[in-house]
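Okay, got some structures for you below.
Each of the next two complexes has subunit A plus one more chain, namely subunit B in the first and subunit C in the second.
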Partner chain A sequence: MKTIKASGIGNPIDRIEGHLKVTGKAKYASEFPVENMVYAQGVNSTIAKGKITSIDTSEAEKLDGVLAVITYKNAEKLKNYPKDMTNFSLTTVAPVFQDRQVHYYGQYIACVIAETFEQAQYACRLVKVTYEEESPDIHLDKNRGKAYKPGDSADFSRGDMDAGMREADVTLEQTYTTPIEHQQPMELHAAIVNWNDGKVKMYANQQILNQATTSISETFGIPKEDVQIITPYIGGGFGSKLNVYKHITMATMASKMIGRPVQITVTRHQMFTNTGMRQFDEQEMRLGAIKDGSLTALAHHTTSHTAKNLQYFEACGNVSKMLYKTPNNAVTHRLIPLNIQCPSSMRAPGEATGSFALESAIDELAWKLKMDPIDFRIKNDTQVDMGADKPFSSRLLVECLRIGADKFGWENRKMQPGTNKKGNWLIGYGVSAASRRAPYMKTSAKIVLELNEAALNANIKMDATDIGTGTYTIVAQTVSEYLGIPVENVKVEIGDSEFPVTPGSGGSWGAASYCNGARKACENAIAELKKKQNITESEEIEVAELLQQNNLTTFEAEGTAEPSEEYKKHSVFSFGANFTEVWVDKDTGMYRIKRMVNVGSAGKILNPKTAYGQIIGGLTMGAGMVIAERTQVEPNYGNFITRTLADYHVPVNLDLANIDVVFLPEEDKIANEMGVKGIGELGITSVAASIANAIFNATGKRMRDLPITPEKLIEAGLEPGVA
Partner chain B sequence: MRPFSYTNAKNKEQALQNFTKTSHYLGGGTNLVDLMKEDVERPDQLIEVASLDYKQISKNNEGGYTLGGMLSNSETANHPDIRQNYPLLSMAMLSAATAQIRNMATNAGNLLQRTRCPYFFETSMPCNKREPGSGCGAKDGMNALHAIFGYSEKCIATHPSDMCVALAAMDAKVEVQKTDGSSRTIDFTDFHRLPGNQPEKDNTLEPGELITAIHLDEPKFSDHYYYLKIRERSSYAFALVSVAAGLQIKSGVITKAGLAMGGVAHKPWKFTDVEKYLEGKKPNKVNFKAAAEMAMQDAKPFEGNKYKVEMAKKAIIRALTQAFEREA
Partner chain C sequence: MAKFNLNINGEDKTVDVDPSTPLLWVLRDHLNLVGTKYGCGIAQCGACTVHFNGSAVRSCQLPVSSLEGSKIRTIEGLSENGDHPVQQAWLEIDVPQCGYCQAGQIMSASALLESNPNPSDEEIENAMNGNICRCGTYSRIKAAIKAASKSQIA
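Up next is the complex of A and B:
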């Protein structure tokens, strides 16, 4: 039984898929050997608004190897968006080439299909397009009049904001901005699509298979059962691979037209223009508190942009409804339609950006109150989610803050900025509180048991995906735990839409949902086997023995796990605290993040190693929000000026130094039977604020517009009250 | 990419003879190949010159050293003779790009790398440098990365190289072979040019001229030097502004100064006046500050790059201070 202990849940085993990945054996979407395959490439518009007046594909078609060029002229009719502004959801259709309209710069306007990738790429350059250009809406400022409320969930209020502000001894009104960002996972979006006899089979790196098949089936008007997606490994998504994007539609249409399997790989440049992004958010914060530090009012108003024909908003204000005890609260979200591609979810949508505004504002108010920012947060802690009027299933935020402070050495922080110096460096400490909803959703799995001599092997199947997080490993560990067999005896098969349905990977629900689904399948198998032999449920017996008693060498069972009634009566969140030490150069505005401590309470940690990977990845991405990540829009033409990874800067090793991650032990059986909570997004949440707060502590400058670049730091003035 | 032919030149003569109007020499390819993928450069023929035998670092007749044109940036910057005699050059070169890119990049290619102006890279945008007569997108668009000195109506781009900033501060010379078999030597300050009416021309090379060497005169600034590069992340980013500062100091007085900046003009910007001003002065805060003010007095920034003036002043003062304070 020793091996079992070493591989069950909670153990930091190496990834079972790790070796396949580092040896290149793990196959990603574009890597499957498919016979008779051809290559497709999209052509992008070079205007942001207008009408195509002509497309000349003759030169491209003449090129050796070119099989076809699809444009609005010869594209098949697909289900289009409804006339009114549609919510961009996981199952939204992905029509392409349905008319001559161009809504944003980089929109696909043609697709070339050729025998080789190189031929397709070259032919794209030979497609000649003319437009009737219109002046695009690009600036938020020039289009403020068009702001609208995107549905009922956009606004929230409790108590009386104005009364709360009047009651306050100290108030703060400030605006924070976060830029457009791009997910840019390492693996490009890609697919190999085969349309055969009305049925579609594709290798495609989609994060959520059950939703993606719906989107494809509705786009093409074919039954969902006739769409199969296979994706054993995904090289990162960060939200960009949640939705079905139009390259999938182009390749599917092409395969149908040509009658051959079609491979499409989106270029890095198209990863900016055609596969979603985080939107720019302008967040106005109003806060009030009385002298003892109790919050009396908190408002969070977000203005952002959306596409002309699709609607998406990240709910920045949600964090302000639930994180602190405050009697008076108001949250709004407004959108302005622009000729820019539709934004989409990027790691911790709403929370990553909303927490920057909230946790910066909290720090600012603490400074005005002359209170330690940790004490201020603890003073306003709550065990009730006032936004949802439900108790938290578990909330260890105060513990995260206290333990983190201890580990970090918070007591050495100097309250007065600019007083901790070393040579040319100004040293600052910053803190922030993190929270992220820990959703859990209905999940099914199928388990096949096989007795080989006396050894029990298990094969688990589900349509889960591994976006680089370690799904294979934690599912194997779960099966190992619930069947009492070594992890080596477990085979995990995921990434196929024909397997039992799961909610897929996204929104930090993957781990909790997948593992509970796997657990349920194991439990069902055991229960059914016991029932056959009239063994009571409580009796302890090895699964191998159960099979033997049943005279079976193989047995199959399915299981579906879903949230309980208790779950629905509670607000289920993961919590955390971030601590950052930054060194800012007093003259040049350059800075280094010297160390970070992250303390998280995220339920049962399935595998500390993979969990650690999630948190440091999140922290690095959070640091990226501060250091340099931003996509800039050209003000006259509406294209993205940042268009490669050479100018879209993500952090480098030298930007960040030591990262310390602590998980608090937490039992939360309301969250789900296994007590697992998501951590995929917790790590990025509020990191930006802890760094910006540290920069304030170092320099006395409040940086409210991300990213915090050297030029902004040089130009910023000192905050009132800074000596 | 568009189709092109490829020749691996066996010797200098082959490279020069094969050259046509639509050819490009290929060094490490770290800039040229990117630009071909972007459809900005469209050569019919690539003549690989990276393997030609110009890969030495040797002593020359001026008491200095000669760097082979085809030697990699890494090998140059890490060479013991360069580290010891021209540490300012080494420091500047090592601040550029990443180890991988420096391993591929050649010294000749580094001199000829093209601007990082985003309009230049995007073929759907107007850009006089890429397509003469199409207009300058940056002038009325996004110009945070652009010039504050020496630009023209036609182009406001900057030269992105770090290596070249140090070379400008050190008075180097570039040796080139001509297609007719002769060769010539160009003063480094005359090598790159200002955009004027011909922004498509980055430098004063004639078509087909092949760079084979960079000559440095006697060792310079080996005790007092600093290359300061301000950028948006700690590595792997081009400079917003950069300063190469070198001082020779005798009995507490500056006897020779070298000062050049990157990220401020179409060519590495050498402050000859400021160098003169500093000579004979004491290396102290007051003089460094005066030098910075003097350097920036003619700066004319655009809407998006106003920050550069203040940043540059701070950078100059800091670089001179670091150069002075460096332990000899």
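Up next is the complex of A and C:
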């Protein structure tokens, strides 16, 4: 079969929807023109724990344009959380206003529906609430006694940790802390919901449509088929749009009550209190190694928090089970229920924060052993995932480290901190390994072929989403490759829950799953057309010709791709290494990230242009973890002190300098037939430690609490052994 | 409510709104020009950037009552076919990811190049510093501004 390689996979073609995005024409959830639409807005609680004793909506209701106010008094009965402590999954129901209880500061307690956005916003302020307030649990420290183990997967152990520590010549015991962070995609959560005759159709920026329709249908007790979500473009997610949040429930309830389409746009404030966050993690690391650098023991204990009624935890310790060869290994996770909203996934949940702790600790131990940190990592490399007892499908971590070191000029690094100086600047180099599971999941797609004169056009449909990752483009490239037609002849239709089911965008599984699903649909179409003509499978023939031989101008096929048995027998990860140069002002503690080199091995790169964007995006958000991002909680009232973009600081144009991204050529056919692995989260897993390690190399100070602000850096003392 | 005459993308428009309504909402809700985005409403993100008599401003902070007699340009009016040198450079360098911040980025960048056709790195960083991109496209934004600057000068 002839293929036109110019637009097939592996080529750095321009994003196919790019034109819409540079002209302002790409339409996001709140931007669809809908007739007769009204606006809803949520009212947030101003206490962290207690009961609503009265709620007076009369003044709000009198306001011009206000159509209704919903509270626990008049809300319809929904399916509530099944347990006192419910696991917060992608299909968990999203009940709202089912009782008078307040579990955290900012919880929705009422919803106003009005003719205009402004009227709804204003009326929210007129809703008068009184509470019977109780003293909330806010502090981790004051509630340590309530720590519990969140399920069997929370603990892991291999060998004998204590014996491993005794055997070691050098040991390290340190605690690393990372703050609450917020995803804050630039597009606010929004939806336009229309309840019509028991069925609901909505424009809503959800990352995973198939799970979201389950959640919504169960919340309202209607068949899943009666829920439709449309979302052609999503203005960033970073995990915050994985789950169904309660603004969706409020707007749905409102539409049902009023009988008109309802738009809801969550405010930036509410993006802090009502759409998830990364939790605060306290990670205690214990490591031991013998003189030649072999690790003898590695323990990773995480204490974190969850909501009072919902449970979520990011598995920080998972990275310590698989990254290095360690005979003795222990991993635990504990949660403390607090009166703070339920955490959720934020870009590389567990890996981003867990890698900061592990890769900082590895650097510290290398320093104690007087070993180069790259040599130390290479010494402990493993081709077997010891945590899962399976071989890696492929693992090029050593190559990433070596090639990166070369590109970066690692040989110019001074082992002794504080010795590389330029005027007032202390210059440091740091490295960190990157690793992220690269899952692949069952994915279906439908392809419609159309012969127009001699030109073959294809239209592919799947319920995939594009959160900025490049889904449209890589799916078009896949179809182009497997049908042997130019990419311009491929139309990609995604973002509609009525299309064939995919696992959606999240967890670094999108690219591999979507493309293999699209591949399978193409292959099935060709196979079916060949079969009709008794053409053997191996015979090469153009698809257009096949249609002609079949006397067809149009043909449809579906395909479903699934992980193979081989896949299940292996651990499938993407790997990488990140190198950072920082300059620290020795008097003020101000520092600049001067340059980064990132080397990744993530299977077949479908499109180097969009892939590069994913890596720099991860690096930027990872830099944010170090330089600025931190949600501060008021210790008595439990409200977030930082809850606007004016005080929750994210990286801006000034913060990032030169970034060099390299992908190693790799094709991992065990991962999936196309050899594709995810890269959306790989970048972020290696940044924080590489910056912190560079700061140590510059200053001789170990910074174990993120973010690393200048005042913390000034206050910190030198590490033992630093001259 | 009051009537206001506005000149947007070279066209005269009349809207009947409260005088304190920010331009952002006049554009999005009354004129259906939704290319200009709402990101924060408090001048902290740059998603709502438009040109006000040629300079980049945050439309979420600009009450409609202050606009009579001035010329407003939005992303929809930056070029007829989406081929402004900045837009072309943006496509070529693949700046947009999710795309949500990009109308604002492009309006800031095009205003910068209008007043300073050949900006230095530092000038680019300073001019673009108020436009947040959560997808992290900053290094490509810089590269694209340089590419657009070259193509404009050439």
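Note that the second predicted complex is superposed on the first by the 720 of 723 C-alpha atoms of A that agree within 3 Å, B and C clash if a C-alpha of one lies under 4 Å from a C-alpha of the other, contacts with A are read in each partner's own complex, and residues count from 1 in each chain.
Convention: contacts are C-beta pairs under 8 Å (C-beta built on N, C-alpha and C of every residue); 3 or more make two chains touch, one makes a residue touch a chain.
Worth saying up front: this structure is predicted, and the values here are computed from it rather than measured.
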item	value
First, second, both or neither for A:651, with subunit B first and subunit C second	both
Touching partner for A:99 - first (subunit B), second (subunit C), both, neither	neither
Partner chain in contact with A:709 - subunit B first, subunit C second, else both or neither	first
Contacts of A:117 with subunit B and subunit C, given as first, second, both or neither	second
Partner chain in contact with A:627 - subunit B first, subunit C second, else both or neither	first
Which superposed partner A:588 touches (first subunit B, second subunit C, both, neither)	first
First, second, both or neither for A:545, with subunit B first and subunit C second	neither
First, second, both or neither for A:613, with subunit B first and subunit C second	second
Chain touching more of subunit A, residue-wise (subunit B, subunit C)	C
Footprint overlap on subunit A, comparing subunit B with subunit C	118, 644, 646, 651-655
Residue numbers on subunit A that touch subunit B, as the complex places them	46, 118, 121-122, 125, 424, 587-590, 592, 627-628, 632, 634-637, 639, 641-644, 646-647, 649, 651-655, 707, 709-711, 714-715
Complex interface listing, subunit C residues touching subunit A	18, 21, 25, 28-29, 32-42, 44-45, 47, 74-76, 78, 82, 87, 90-92, 94-103, 106, 124-126, 128-142
Subunit A - residues contacting subunit C, complex	14-15, 17-28, 31, 33, 116-118, 183-188, 233-238, 265, 267-268, 467-470, 609-610, 612-614, 616-621, 644-646, 650-656, 658-659
Footprint of subunit A on subunit B - complex, ascending	1-3, 39, 116, 118, 121-122, 124-125, 137, 140-142, 144, 228, 230-237, 240, 307-308, 310-311, 314-315, 317-318
